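What follows are several structures.
Presented sequentially are two complexes of chain A, the first with chain B as partner and the second with chain C.
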Partner chain A sequence: MQARYLPYVLIAPVSVFLGLFFLYPFYLVAQTAFYDGAGWSLKNFQEVTSYWKFPSSFKNTLWLAAVVVPIQLALALLMATMVNAMKKGRDLVLYIWTIPLGISDLAAGIIWLAIFEQSGFLNSIMHGLGFIDRPTALISYQNPTLIFVAIALAEIWRATAIMLVILVAGIGLIPKEYYEAAQVFGAGRWKQFVRITLPLLRPSLSTALVLRVILAFEVFAVVQALGGTLFPVLMSETYAYQFELLNGSAAAAVALIILGISIASTIAILRVLRVPKGATI
Partner chain B sequence: MTMASSAPQDPRRTGRYVYATAVFLLCAWVLGPLYLLFVNTLSSPEAVNSFPKAYVPEFNFESIEFFMEFAGMTSALWNSIKVATLTMIMSILVGAPAGYALSRFEFKGKETFRILILLTRAFPLPLLALPLAVLFIRTGLDDTIFGLALVHTTLAVPFAVLITFSLFSGIPMELEEAAWTLGCNRLTAFIKVVLPLILPGITASAIFAFVISWNEVFAAAVLTIENRTLTAFLLQNLDTSALHLKFAGGFILVVPALIFIFAVRKYLFAMWGIANR
Partner chain C sequence: MAEIKIKNVAKNFASYQALNDINLTVSDQEFMVLLGASGCGKTTLLRIIAGLETATQGEVWINDRRVDHLPPKDRGIAMVFQNYAVFPHLTVFENIAFGLRMHNHPSAEITKRVHRTAELMHIERLLKRYSGELSGGQRQRVAVARALAMEPDVILMDEPLSNLDALLRLEMRAELKGVLAESKTTAIYVTHDQVEAMSLADRISVMNQGRIVQASDPVDIYRNPAEKFVAGFIGNPPMNFLVADKRPDGRWTVGGQPYDGPSCAENTLDFAIRPEDVVLAETGIKAKVNVVEPLGAHLLVTCDVNGAQFRATLDSDANIGRGDTIALQPQLDRIRWFNPSNGMRQSLEKNDV
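Let's look at the complex of A and B:
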């Protein structure tokens, strides 16, 4: 075979696959969302946004992302710089810190349920310390803040690892000479972090943030395991429309709303963390 | 924090102490919740539902036995394994050739192709399951292992392309060229020279694809009804099932993940390196 055509033959399977199962379904979901049985309209969107649960599920999703992602970013940056400075035991520590990467969101929800359920470990510890006499229901409609905290903790626990891996890889790409030069001029570790690491890490930061924010908008199984119907999010609304209400058009409309906020935030992150042309490492 | 180069002896030691404590605490933050899940799983159903909790496991396997005998659980477990294995095979077969093409050739449309691959990461992919559910009913793929594996392959294949791209890029072109001069053609040079070198990496990316499928919840729950996977089955029964059943289910979900992450730890960074350039 001619070498000229070989690359196209090699990428053909993926292209066909992604066309069929990635691009085409997105076209279909958009079509379903904008079609009301007679013609194009925004009826499905009006229907889902006027549903009484919509404002709370929308707010919950955004709030969760707004609280969880910055904490994860700070934690991942801290962990990445710590790993970077490590001489002994780097591989072991990195393995332990990346374990949650392989754990599904459903399993993470169940793990944190073991802590927050009524006869769970948090109540047991508080009982052991003498704060409470009897176990109280921590996850109930009376404690919306605690449900939020439990879900946020589970998310931070589960999904910081993915940012950590990206940031560790990114820090590894920064030439050591910059740090040596900074030391010569007497810059302390904090100054080195702010003036060298952070600016040069921008491409990795934007990759990590884009990925993480999109995953945060997709939060589903953790919420189902911990909050159930007490804490509605957009993804659980989509699921409910599809299965309980058997309304595929409404499910598609919510899906497009999730897609919309995902794209908007991706563009915003890429804008803010854009690296000027010609200023790469 | 650590290499306070010109600081006097005492602050340096304090700094090192703070640093070590922080590393330890962060390890405990990751491992602690996992340990508590193990305690719950390896305790009898009575102990799981009692209060207060013990902090050491009884090494009682009743919860696990109950889980295994629960109606539909073993078939769900088996379905998960089948879907994940199919996903693993398909994503490598479909993804690896593209990874090779990206690393070895300059061709028109390469940039567009790379953008298509990276684009998949900027979209909430599980949502694809919604239109595909309709499409699958029309084509008879609904509620089948193969149909779900197709969707999971869509999730895994961009990673397979990126990982194999970085693997192939790590093998000098000269090795292949040397094989050509010694009488190999493109295919035999690939099989005899390149393949043995990247086989461990390919295995790692296959394992990664397996884990992606094994862990996926939303698409599995949308696309399967009778042939539920383990995650879909657990999700469906969250409201009704007993605590010890949930914890045993969580345990079964976590164990393969632990082994897999250990097996692929060397290649974790290869998956993201490309996006940094």
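Let's look at the complex of A and C:
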């Protein structure tokens, strides 16, 4: 066989797999979303967006991503910098920090529910220390802020490590001599971080952010466990349309809306963190 | 004005002693080269002066100010790194401006200085490029320009030419010397290349196994090596050594010939002479020719004298072939003597060891 065909032969299996199990279902979903029983239309989209719960679920999803992702990014950067500065025990610390990655998102939600619910750890501790007279229902419709905080905390706890892993690898690729040059030419630790680490980390930052933002738009199980119907998000709406209202077309339309904002934010992230030609390490 | 004083500096890495009681003064505007084989500690010493490495003991003074506890940025230094360390994410302009921006110079001043140093290093046309679009030689120029733009008291250079090809190295060497003389900066330059050291330095510090063996001007180092190590390290080919035995009359027998030498208690000394300081003669040290290498200007002849290797650079008209036995006469005032027990040079004066 000629060598120039070899690459195509080698990627053929995965192409077929993706075509069959990704592109084709995607085509079916798109077809369902844009078909109203008589012909092509945007009727399904009009239906889901005019539903009274849509604005709040849309807003909740974006808010959650807007709050959680920056905090995760900052934490992951801090943790990656710390891990990278360690001489001994680096791997051990990294393994421990990435443990939450091994826990399913539903389980993570339940763990945090065990902390916040009326008979949960938080209430017990506060009661035990005498801060409150008796356990109160923290997660209720009277406390929307606390629901948001609980979900955000659970998400931060659960999914920061995926960014951490990517950033640790990225920071490890930055040659030490750039930091030495920066030091000699007058940069203190903070300026080294801002002027050297961050710009040279752009490829890893965009990978981590794209991955994390897309996952944030798809948040579901943690929200279900902690907020239930009190905190609607786009993914829970999709689920409700498909399995409770048995409206597959509407579910497909919401799914495509999620896909749309994922693609839009991915393009935005890649644009902002683009590295000019010739400016790579 | 920048004088650098290094006092009793030592550096240990775990149990390994990289530097051992270093004392060195570099005067204002002097071009000092630290020369030595790899692992001799020269780069460690430079990094201690820069503040990138902490000395285990000792003091570093720049301009009558003790700096060994200060971070690099407060030492008034600039540095050129072996791998250039030109920031890949910044344009050439921003690379040169980096240090000035860190020190909060006004932007008009920055633009002026960047253009001036870029012009000096002949890289004005590259200011908008990124490091990935530059050749090794151009990156080198950017690294030097970045250091010069700081107008530092002291400029430190760590083998800055070692990654360039031979021709470019020659070109940059001459250019560096000119530019640095112009800038009136005190310079410390690390290299393992003795030709580079000779051609650039006002003074060379030859280093070996973590200590400075000799610090002097290039010609003195070449002519009057303080130790046998320096004699064997400097010069290409290096000095020849032959065993000298003391005669009853106080003179010394070298290769069967009597020579005047030092008066000392030792019964044997090392007689040393540079290859270019011998001539073909009727009588002299008997040498059997093993290899003849015509180098154009002269012949490099490798011979055997009583089992010791001896090299001579002779006139290229000399008609010599492999297997010939020739007589070589050393130029008497160029003979040097070393004490074989400690490797130190044996002075000709009495009782002066």
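Just so we're on the same page, the second predicted complex is superposed on the first by the 271 of 281 C-alpha atoms of A that agree within 3 Å, B and C clash if a C-alpha of one lies under 4 Å from a C-alpha of the other, contacts with A are read in each partner's own complex, and residues count from 1 in each chain.
The rule is simple: a residue touches a chain if its C-beta (ideal position, glycine included) is under 8 Å from a C-beta of that chain, and two chains touch if they have at least 3 such contacts.
Note that this is a predicted model, so its numbers are computed, not measured.
**Student:** As a test of reading the superposition: which chain, chain B or chain C, is in touch with more residues of chain A?
**Tutor:** B
**Student:** After lining up the shared chain so the two structures overlap, which partner does A:S249 touch, if you call chain B first and chain C second: first, second, both or neither?
**Tutor:** In the superposition, A:S249 touches no partner, neither chain B nor chain C.
**Student:** Does chain B (first) or chain C (second) touch A:L113, or do both, or does neither?
**Tutor:** Only chain B; A:L113 stays clear of chain C.
**Student:** Which partner does A:Y178 reach: the first (chain B), the second (chain C), both, or neither?
**Tutor:** A:Y178 contacts chain C only, not chain B.
**Student:** If you stack the two complexes on chain A, which partner ends up touching A:S57: first (chain B), second (chain C), both, or neither?
**Tutor:** Neither partner.
**Student:** Which partner chains sit in contact with A:L200 here, chain B, chain C, both or neither? Use first/second/both/neither.
**Tutor:** In the superposed model, A:L200 contacts chain C only, not chain B.
**Student:** Does chain B (first) or chain C (second) touch A:Q72, or do both, or does neither?
**Tutor:** neither
**Student:** Tell me which partner A:N44 touches in the superposition: chain B (first), chain C (second), both or neither.
**Tutor:** A:N44: touches no partner chain.
**Student:** Share the list of chain A residues that count as touching for chain B in one structure and for chain C in the other.
**Tutor:** Residues 183 of chain A touch both chain B and chain C.
**Student:** For chain A, which residues count as touching chain B in their complex?
**Tutor:** Contact set of chain A toward chain B: 3, 6-11, 13-15, 17-18, 21-22, 25-26, 28-29, 32, 78-79, 81-82, 85-86, 91, 93-107, 110-115, 117-121, 123-124, 127-128, 135, 157, 165-166, 168-170, 172-173, 183, 189, 203-204, 207, 210-211, 214, 217-218, 220-221, 224-225, 228, 235, 238-239, 242-243, 248, 251-252, 255, 258-259, 262-263, 266.
**Student:** Note which residues of chain A are touching chain C in the complex, please.
**Tutor:** Residues of chain A touching chain C: 175, 177-178, 180-188, 191, 195-196, 199-200, 202, 275-281.
**Student:** Which part of chain B faces chain A closely enough to touch in the complex?
**Tutor:** Residue positions touching the partner: 1-5, 19, 22-23, 26-27, 29-31, 33-34, 36-37, 40, 49-53, 55, 93-95, 97-98, 100-102, 104-105, 107, 109-110, 113, 116-117, 120-128, 130-135, 150-151, 153-154, 157-158, 161, 186, 211, 214-218, 221-222, 231, 234-235, 238-239, 243, 246-247, 249-250, 253-254, 257-258, 260-262, 265, 268-269, 271-273, 275-277.
**Student:** What residues on chain C touch chain A, complex-wise?
**Tutor:** Within the complex, chain C touches chain A at residues 50-52, 71-73, 77-79, 81, 83, 85, 87-90, 98-99, 102-103, 129-133, 146, 150.
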